[in-house]
Each structure stands twice: as C-alpha cells, then as structure tokens.
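Each of the next two complexes has chain A plus one other chain: chain B in the first, chain C in the second.
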Partner chain A sequence: MKDQMQDEVLLDVQDLTVRFNVGGGGLFGEAKYLYAVDNISFQIKRGETLAIVGESGSGKTTAALAVARLVEAYKGRVDLAGTDFLTLNDEELRQARAKMQFIFQDPYSSLNPRVRAEKIVREPLDNLDAVPESERQAIVDKLFEAVGLHPEQQRLFPHQFSGGQRQRIGIARALATQPDLIICDEPVSALDVAVQAQILNLLRKLQADFGLTFLFISHDLGVVQHMCDSIAVMYMGKVVEYADRLSLFNNPLHPYTVALLSAVPSVDKERRAATKRILIPGDPPDPLALPKGCRFANRCPVAQDRCKTEQPELNEVAPGHKVACHLVDERAVSPL
Partner chain B sequence: MSDLNIVPTEPAPVARHPAAEAWEMFRRNHAAMVALVVLSLIILVAIFGPYIYPTDPFDMVWAPFSPPGVDGFILGTDYLGRDLMAAIIHGARVSILIGLAAALMSVFIGVTVGALAGFYRGWVEEVLMRITEFFQVLPTLLFAMVIVALFGASLPMITLAIGIVSWTAVARITRSEFLRIRELEYVTASRASGAKNAKLMFRIILPNALPPIIVQAALMVGSAILFEAGLSFLGLTDPNVVSWGQVIGSNRQYILDASYTVTIPGMAIFVTVLAISLVGDGLNDALNPKLRQR
Partner chain C sequence: MTAPLLKVENLRIELTTRDGVAPVIDDLSFELGAGESISFVGESGCGKSMTALGIMGLLPEKIGRIAAGSILFEGEELSTASEKRMREIRGNDISMIFQEPMTSLNPVYTVGEQIAEVLRAHQNLSKSAAWSKATELLDAVRIPNAQRRVNDYPFQMSGGQRQRVMIAIALACEPKILIADEPTTALDVTVQAQIFDLLNDLKRQTGTAIIMITHDMGAVAEMAQRMIVMYAGRNAEQGPVENIIEHPRHPYSRGLISCVPHIMATLTEERHPLTEVAGIVPSLREFGKDQCLFASRCTMVSQKCLDKRPPEVAFADGQKSACWHAEAV
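Showing the complex of A and B:
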C-alpha cells in the first residue's frame, strides 16, 4: 500500500508555456511576446521533491508561479491529483489553493508588515473557511511549534523577526491548510548560509512528518543535492536536462549542466581535484530574439553547426534521464 | 530533533506598534507640533466656543464699524453692527465641518476609484483614469459654482460640490500606491492562500497604501476650507449659517473703510489652513519610512 502511495504522480505538468506581452498589440502593430517558459513538462510523485534549477532569467520562478496560477499560463496543463488547475474558475481555484501552497523567496517582502505573526499564519484558514473558527488558534499553536518558533512570538510584527524566523513564519503559513504540494521558490537564497541549513533541515523534517511533496526552485545545486529526488535544469525557458538526482550529479549530460555542476563548491578534496572548473563565456541570448537552434549554442564550448540551426528535442537517453542536446545519444555520454 | 538543528530561536524584543514609531517621528518635528497645538485649540473653539460665547452672530448688537477693542467688542462689529467675535467663533464650526466632510468625501471617492483602477488594471483602469482626467481638467471653482447654483446653496450641497471637484489627487495617489503594492510578495502570498479580491484590495493593500493618502487627506481639509471661503465670498453659501468665508464676502465692499472686517476672518482661515498644512507635512515625514533616516 505504501509503495502504491509512493508511486502516485501528484503533480503532472504538461507543455506549460508562459508568455508576456512586451509591447505592441492592440491598434499599434503586431504584439511582441517574451516566452518566459516554453513548453516544459514534468511530474512529481507524492512525497518526493523535484528541483527546477537554472540561472536568473531562466524562467524557473515564472514556471513555479504559473503552476500555482499566480501568473497566468498561455497554454499547458497543471494537474494536481486529478484537478487541472489551469481550467478552474476563480472560486474553484480559490478553494483548490488549499492543496497547493507557496513559500516565497524573500522573507522580508512576503509577510505583510502590518499584521501580527499569528494572523499571518492563520490567514489561509480564515480565507478558505474550511476549519471551524474555534479550532484555528489550536492549529496556529501547533504550526508555530512545528516550525520551531516560541508561542509568545505570535503577537509580534514581522519586522521584529530575523530573516530565518520570518521564513519559518512563511513555512508555517504554507502548512496551515495541510496542502499536498508546497512550491518553494528559492526559500533560502535570501538567508545566511548558517540559517540556510536550519531552514533546509526544517523543510526536510516537515516533509517526513507531514508527507509533503515539494516543487523546489533554486539556482544553487549545492542546496538542491540535499533536498531533491529529481532535478530539471532550465535554460532560457526550456528544460535542457531532466533526471533523478543521482544520474544528474554522477553523469551530467548537457554541457550546461556539466558547467553548472563544476561550479558547485565542495569541501571534498578528491572531488575538488576530479572536477575541472568549466567556465561558460558570454551572456544568454536576448529572450526577445531567441536563436533558431539550441539556445545554449552561443555559449557552448562544443557547439557544432547543427546546434545553431536546429533546436534539440528533450529525448530520453537513459531510463529516466532526458536531455535536450544534439551531441548526446543513447550511449549517454556527455560531449564535454 | 536536535540533530536537525531545529532549535527555537531567541525571543525578539517587545512589540512596538508602527503607530508608536510614527508618533515618535512626528514629535521631533517642532513646527508640526506647534501647528498641532494651534489646530487643537481651533477645533476646541469650534466645538465649545458657541456655548462659551453665545452671542448670536446674526444679531445686530451695536453700531456698525466699531473697531476692535472699542466699546467692549473684542474684534469690533461689521457693517450691520453684528459682533465679529461671534462670527469668528460660530463660523469656525461651519468652516471646519465643511472642510472635514468635503475631505472625507473626496477621500472616499478617490480611494474607491484609485483602488479599483490600480488593482484591476486593464480596461477598468483605462476607463476610471480617463474619468479622473476629465475631472482634473474641469475648472474646479466654476464647476463647483454650477453645482451649487443648480442644486441650491445648502451645506450638504456645498460639501458635495467641493468633494466632487477635489477627489482626483487622492485617486491618482491611491492608484500609484496600489500599482506598487500589488506586486509585492505578501499580496501574492495572500492570493496564494485563497484571499478574495475584495480582501486583497481593502484589507491587504489599502492599509499599506494609507500613509500618503492620510497626508493628502489632511492637506485637503485645508484646501476645502479655502474652497468654501471662495464659494461664500462669491455669495454661494447657505444664508442661514455663518462661515469665515461668508464674513469676508459680506464685508468685501467695506474693505477700504473697515479693513479689519475682512482681515480678521482672513487671518482665521490663514492660521487654520497653515496649521493643517504643517500637521500634514509632519504626518508625511512621520509616515514615510524613506524620510526616516533624515
């Protein structure tokens, strides 16, 4: 029974595309669109964690916001335990939000400065009205304990907390409605390294205690390798490599992934010696004038003519290991 | 649990309400503090004055044009021999009441329009902002005169006229604050936890947008008092009540013979509006966190 539960796909995202109108349209000429997220698909099994990694501007945060429908997707499907989020009407969506909660990147701007901590954590319960009012305070008490905050801190305002404490409040808020899925949008990137570890450990403990499923957005592969079961690497709105954690870290295939991994600092002397630091020159292409071929071609150290003219598909080259690169075949050997 | 480093963190300092901080800042502004004392006195006079100085401002109690301090009339008498002191004290009530009511009204209209435009964007914003611009380009005094002339010069109508022509600034300020705050993460967080639009607008965004609106409202009380004075100077006023502007208006022919009949109510308006402006400035400094460092 437990194994069955483990194998159930909780979140199934298909061909998610988000585009922004960046001028034009209406009466004055043709509308111009920026495709921030371009046809990405992924699945997360119940109780597991999928990380989306990429540099700034890769579209990972936009993808997360679109999954939670905090940004409207242009097309695609976001299926959470059988409910397609993108087709719900306003009221259905409001109710369905109980099952999908969000932890924000910046704990300094994600808490309303005029509201006391207890009310921030209580807000999802008040909004959704699923729990009788008399029971809400008890839930808030439990949540404060679960995230490691003192009960007497409930009466304080956000500016009286440190960054790590604020993020704990954000986590407690996300847990309030007992969601199935929690989307963590770079939950530790705004925190000190020492506090980062505390928050990551807290997230892992909560995942074990409450059977949570995480969609984890990060630019930090060091953080990701402690958190995730599988990883999707994004570059310029596309998924370039998608694999389970071990395959990706042991056998990165896409040149971009290889370069990213080589930049992860390590205290392991042998590993440090074994990995050669690969620098990728240049800047990402202009998102409004994307190249015809592979979007990484202009920075790729092994790019060939074909890469500049033909867009690579995301192909499965080994069981559960997908990569979008012309130079990787069934032998699953990285060109780099 | 200990191996996971989940130790409860140390207790934070005692809660200090943002309002307490704002008051601290306000107190440091001496001009604003003096203005606040003056304004409080004027408001006390407006409330209790008529009981302490019950002389009817419409009664002809003495010879006309008796100068201030002569014959026992502190501020003298006007062209009909009415007590000017009584007019100033009784008029304070009407002037300040109209100022407050008109400011409240324009805040109400302005916040509603600005909030809807800033929150919903798109065509709602287009339509509401075009309407706002329409009211902005109207010659305000003329438009207010037309309203009062058409619907009668009663106090509610004068208040309405002033409110209708002066809400545009509040609408623009509210809209710009909404545009800024709606993009902040705590608003997204509220939406993600299932808040309805009405709650987002009025319980989440509006309280955070209030500081500049409060400042604008305070300044508007001053300009509404001036506006009322302007209307009554032109005779567009309720003849059954006395206001400062009305005293100026009714004595304007005698400005060269008995200038005090015009300058004394003028001073009352000047002092009140100045005090309100200074208090408004003080509020601006106290409520605007960007100025805190100064």
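Showing the complex of A and C:
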C-alpha cells in the first residue's frame, strides 16, 4: 500500500504553454506573442519535491503561476489528483484551490499589513465551506505551533514580525486548507542566510510530518540540491534537462546545466578543484525573436550547425534522465 | 615589511537613531595590502556596508559619524580628511560599486557619458580623449561591440551589462582599492561567474586591491584571500579564507558556513537538516553593550559571555576570533 502511495503521480502537467500578448492584434497587423513557457511537461509524485530551476526570464515562475491558474495558460493540461485545473469554472476553481496552495517569495508584500496574523492564517478556511466555523480557531492554533510561532503572536500585525517569522505565517496560511500540493516560489531568497536555514528545515519537517508535495521554484542550486527529489532546468521557456537529484547534480548533460552548475561558487575545496568553470558568453536571445534552432545555441560552447536550425526534443537518454540537446545520446555523456 | 595600503584601527562609527546613539561599527581593526583581496561577511545589519561607507567618507550626513579610531590610506588619515580631499580620493584612489546596477546609473545619460564624466573630473582629460577612453573601458569589461554600445542608455542594457558599466566607471582612474558591495547579489549565477572572472582578470592586470562585501561564503571562497566576519558592528573573526572555512574559531562563522546547503564535489542520498543559527541579529539598541552580542543566538554561551565583551584571541596564520570559547570551537 505504502509503495503504491509513493508512486502515485499527484501533479501531471502536460504541454503547458503560456504566452503574453505584447502588442499588435488590433487594426494594425498581427498580434505579437511572447512565449514565456513553451510546451513543458512534468510530473510530481505524492510526497516528493520537484524543483524548477533557471535564471531570470527562464519562465520558471510563470510556469508555477500557470499551474496555480494565477496566470492563464494558453494551452496544456494541469492535472492534480484527477482534476484538470485548467478547465474548472471560477467557483470550482475557488474550492479546488484548497488542494493547491502557494508560498510567495517576498514575505513583506505577500501579507496584508492591516490584518492580524491569526486572520491571515484563518482566511483560507473562511473562504471555503469545508471546515465548520467552530473548528477554525483550533486549526489556527495548531498551525501556529506547527510553523514554530507562539500562540500570543496571533494577535500581532505583519510589521511586528521579522522576515523569517513572516515567511512562517505565509507557510501556515498555505497549510491551512490541508493542500495536496504546495507551490513554493523562491521561498527563502528574500531572507538572510541564517534565517534561510530555519525556513528550509521547517519546510522539510512539515513535508515529512504531513506528507506534503512541493513544486519548488528557485534560482539557488544549493538550496535546490538540498530540497528536491527531481529537477527541471528551464532556459528561455523550455525545459532543457529533467532528471532526479543525483543524476542531475552528479551527471549534468545539457551544456547549459553544466555551465550553470559550474558557475555556483562553492566552499568545498574539492569541488572547486574538480569543477572547471564554464563561462557562457553574452546574454540570452530576445524572447520576441527566438532562434529557429536550440535557444541556447548562440551561447553554447559546443554548438554545431544543426543546433542553429533544428530545435532539439526533450529525449530520455537514461532511465528518468531527459535532455533536449542534439549532442547528447544514449551514452548519456555531456558534450562539454 | 612594507606598510599596508589601508590600515583601519579601532574604528568606531556611530549612527544617531530615535533611540539614541548606536555604535554600528564598534572597535574594528583590519589591514589591506596592495593587490590583496579581502571579504566582509555577515548578515544584513552587521555593519558590512557601513564600514565601506566609512572608508569612502560617504556616511549618511548628520546621522552617521566616525567617533573614534583611524583610517589610514597610504599613511594619510581619511577619518578627518576634508570633503574636498575625499572627493579627490573617491574615484581616483578608492572607488566603489554597489549592489543595484539598476539604480546606481543615471537613466538620462548614456553609459559613455557617465564613464567619461569620471575621467574628466579626475584626470582632466579632454572631451574626445575621455570618450575614446570610455570606449576602451567598455571593451575592457567585455561589453561586445563597445564602439556602438557606448551610446546606449542604461535601460538598453541587461543587469549584468550595467554592472560591467559600473565596474568600468569604478576602474576608470585605476584606483588602488575597489570596494564591491554585494556586486552580484542582484544577478543570475552565470552572470555572477562572468563578473567574478572579470574582476579577477582586472585585478591581475591592474593590481587593484579588492574589498568585497557579501553574505555568500562560496563567493568569499572564490574571490578573497582573507575574510572578516562581522557581527553586530564588531569583528567576530578574521583570517585567511581557507583556514576559517576549514576550522572556524567563532560560533557565528561556523554557523554562517554550515547553515547554507552547499553543492559538494559529489552529491549523495544523505541529507542532514541544516545547522540553524537561531534568532536574528540584535537591534541597534543592543549594539555597544559590554558583552558578547552573539550570546543570545549562540549554542556555546556561558555566563562570561553575558558579563564581558570577549577580546580577540589569536591563532596561527593571523586567524583571530573574538569569542570567550574560541579555543573550544
């Protein structure tokens, strides 16, 4: 039974595409679209963590927002435990959101400054019919305890908390409806390093205690390495590599992933000695004038003619290890 | 032994706040040799940037002042230098780049004009000479197509390119010291790698000493020879980077190193909970007390720590730790 539970795919995202209209489409000519997320697919098993990593503009946050329907997807499927999120009507979506909650990056702007902490945490329950009013306060008490806040802090306003404590309130709010999936969008990048550790430990503890499933968005590969079970690396709206934690970190295959990992400064002497830094020159291409071939080709140290004309598919080259690169085949050796 | 390029002794910087006067830098001493690179490390509010502003003579007017101690640059006292003299030194001898490349450039001037301005102010170059030097500098910080990009406005550049422009401005007069205050915090990691690479190259070519302020121990390990760990306005520990990372002698340095999930040479299935440094940096009101200010967050705390400020204990290779229990850490 337990094994079966663990293998259950909780979130199944297929061909998710998000595009933004960036002008045109009126009287004067054709509409122009920016494809922020372009045909990506991923799955998360119940109780596990998938991290989406990438740099600014890669589309990782837009993908997360689209999964939660906080931005409208252009096409694709977002299946959470059998419910297709993208086809729900407004009221269905409101109720279904109980199963999918969000933790935001900035604990300063994501809490209403005029509302007391207890109300912030209780609000998701107040918005749903699932929990009778008489039981809500008891749940709030439990949540405060679970995230390591004192009961007397319930009456305080957000400005009376430190950044780390605010993030704890955000986490308690996300837990209130007992969701299946929690989307964490850069949950610690606004916090000081010592406080980051507190929040990361808390998230892992809550995951173990309540069997939570995380979709974890981050640009910090150290944090991702610590938090996730599998990883999708995004570049310019595409998933370029998708693998379990050990495969991705110990055997990165896509040239972009290799360069990205090599760029992370490390305190580990051994790693610094073993890692050759691969500098990728220049900047990503203009997202409105994407190249025909591989989107990384103009910066890739090993790009060939074919890379410039033909877009690579995301192929499985080893069990559970997918790469979108013409130069990686079943031998699963990085071209770099 | 030759005199150090910069020698800061018993520096005390006070800020006037609503709650009275607080020593945001409290008895800080360190040295920087020519061509050396050192790093200041610590959480927000520990006085890293304040130290930099103090050296530059850029403390917030009327609020901040150097209350005691000295800042000797090539034997010249900066803490009492006139504003006129400081103006000559800033940009020419000591220059600074800031964290936010988005906001530290003037949006209504081209980047070329902003680089040329520094050259004309400090080196009396003619307009055309300054302009061609600006183009050269832009090329030196590896902005492709510098001839054309020199006419760009800041908004036409990416974050990484803007930070390069900042570096070009800072290095225009070949300063002896470059202070980089979190120069890559706002940038992506691959861009950070480019900037670090650039700084290291420029350092090799020009012999500029670098003071880098950061909270990232990994960055320190890549960029600096020595580090100074700051806590609540005080020097918690200083010494060679490798020594401190191998064997920190202050519980706060130890916490800063082990609270971050680092990518190691080979990843294994094993994952331990991160070491937490409980609590947060004390408020300014606590600064200046005669006790160890880290005591409230420390796992090794004893009565002594609460009664008296710990003196610096010296170890081999110049490693120094201000902790009563330094030997035991």
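In this text, the second predicted complex is superposed on the first by the 336 of 336 C-alpha atoms of A that agree within 3 Å, B and C clash if a C-alpha of one lies under 4 Å from a C-alpha of the other, contacts with A are read in each partner's own complex, and residues count from 1 in each chain.
Throughout what follows, a contact is a pair of C-beta atoms (placed from the backbone, for glycine too) under 8 Å apart; a residue touches a chain by one contact, two chains touch by 3 or more.
These numbers were taken from a predicted model, which means no experiment stands behind them.
Residue contacts after overlaying the shared chain place A:Arg173 against chain B, while chain C stays out of touching range. Of the two partner chains, neither chain B nor chain C is touched by A:Gln311. In the overlay built on the shared chain, the residue A:Gln198 is in contact with chain B and with chain C. Contacts of A:Glu55 after superposition: chain C is touched, whereas chain B is not reached.
After overlaying the two complexes on the shared chain, residue contacts for A:Glu123 are found with chain B alone; chain C is out of touch. When both complexes are overlaid on chain A, the residue A:Leu70 reaches chain B alone and has no touch with chain C. Using the contact criterion defined above for the overlaid structures, shared-chain residue A:Ser162 touches chain B and also reaches chain C. Of the two partner chains, chain B is the only one touched by A:Leu149; chain C is not. Once the two complexes are laid over each other on the shared chain, residue contacts for A:Leu111 go to chain B alone; chain C is not touched. In the superposition on the C-alpha atoms of chain A, the part of chain A touched by chain B in one complex and by chain C in the other spans residues 162, 164, 197-198, 201, 204-205. Those residues of chain A whose C-beta lies close enough to touch chain C in the complex are 55-56, 162, 164, 192-198, 200-201, 204-205, 219, 221-223, 225-227, 245-246, 249-250, 259-272, 274-275, 277, 279-283. Those residues of chain C whose C-beta lies close enough to touch chain A in the complex are 43-44, 144, 158-161, 188-194, 196-197, 215-223, 242, 245, 255-257, 259-269, 271, 273-278, 280-281. Considering their complex, residues 1, 4-9, 11-13, 15-18, 184-186, 188-196, 199, 204, 207-208 of chain B touch chain A.
Contact residues on chain A toward chain B in their complex (touch as defined above): 65, 68, 70, 94-95, 97-98, 101-102, 104-106, 109-114, 116, 123-124, 127-128, 148-150, 152-153, 155-157, 160-162, 164-165, 170, 173, 176-177, 197-198, 201-202, 204-205.
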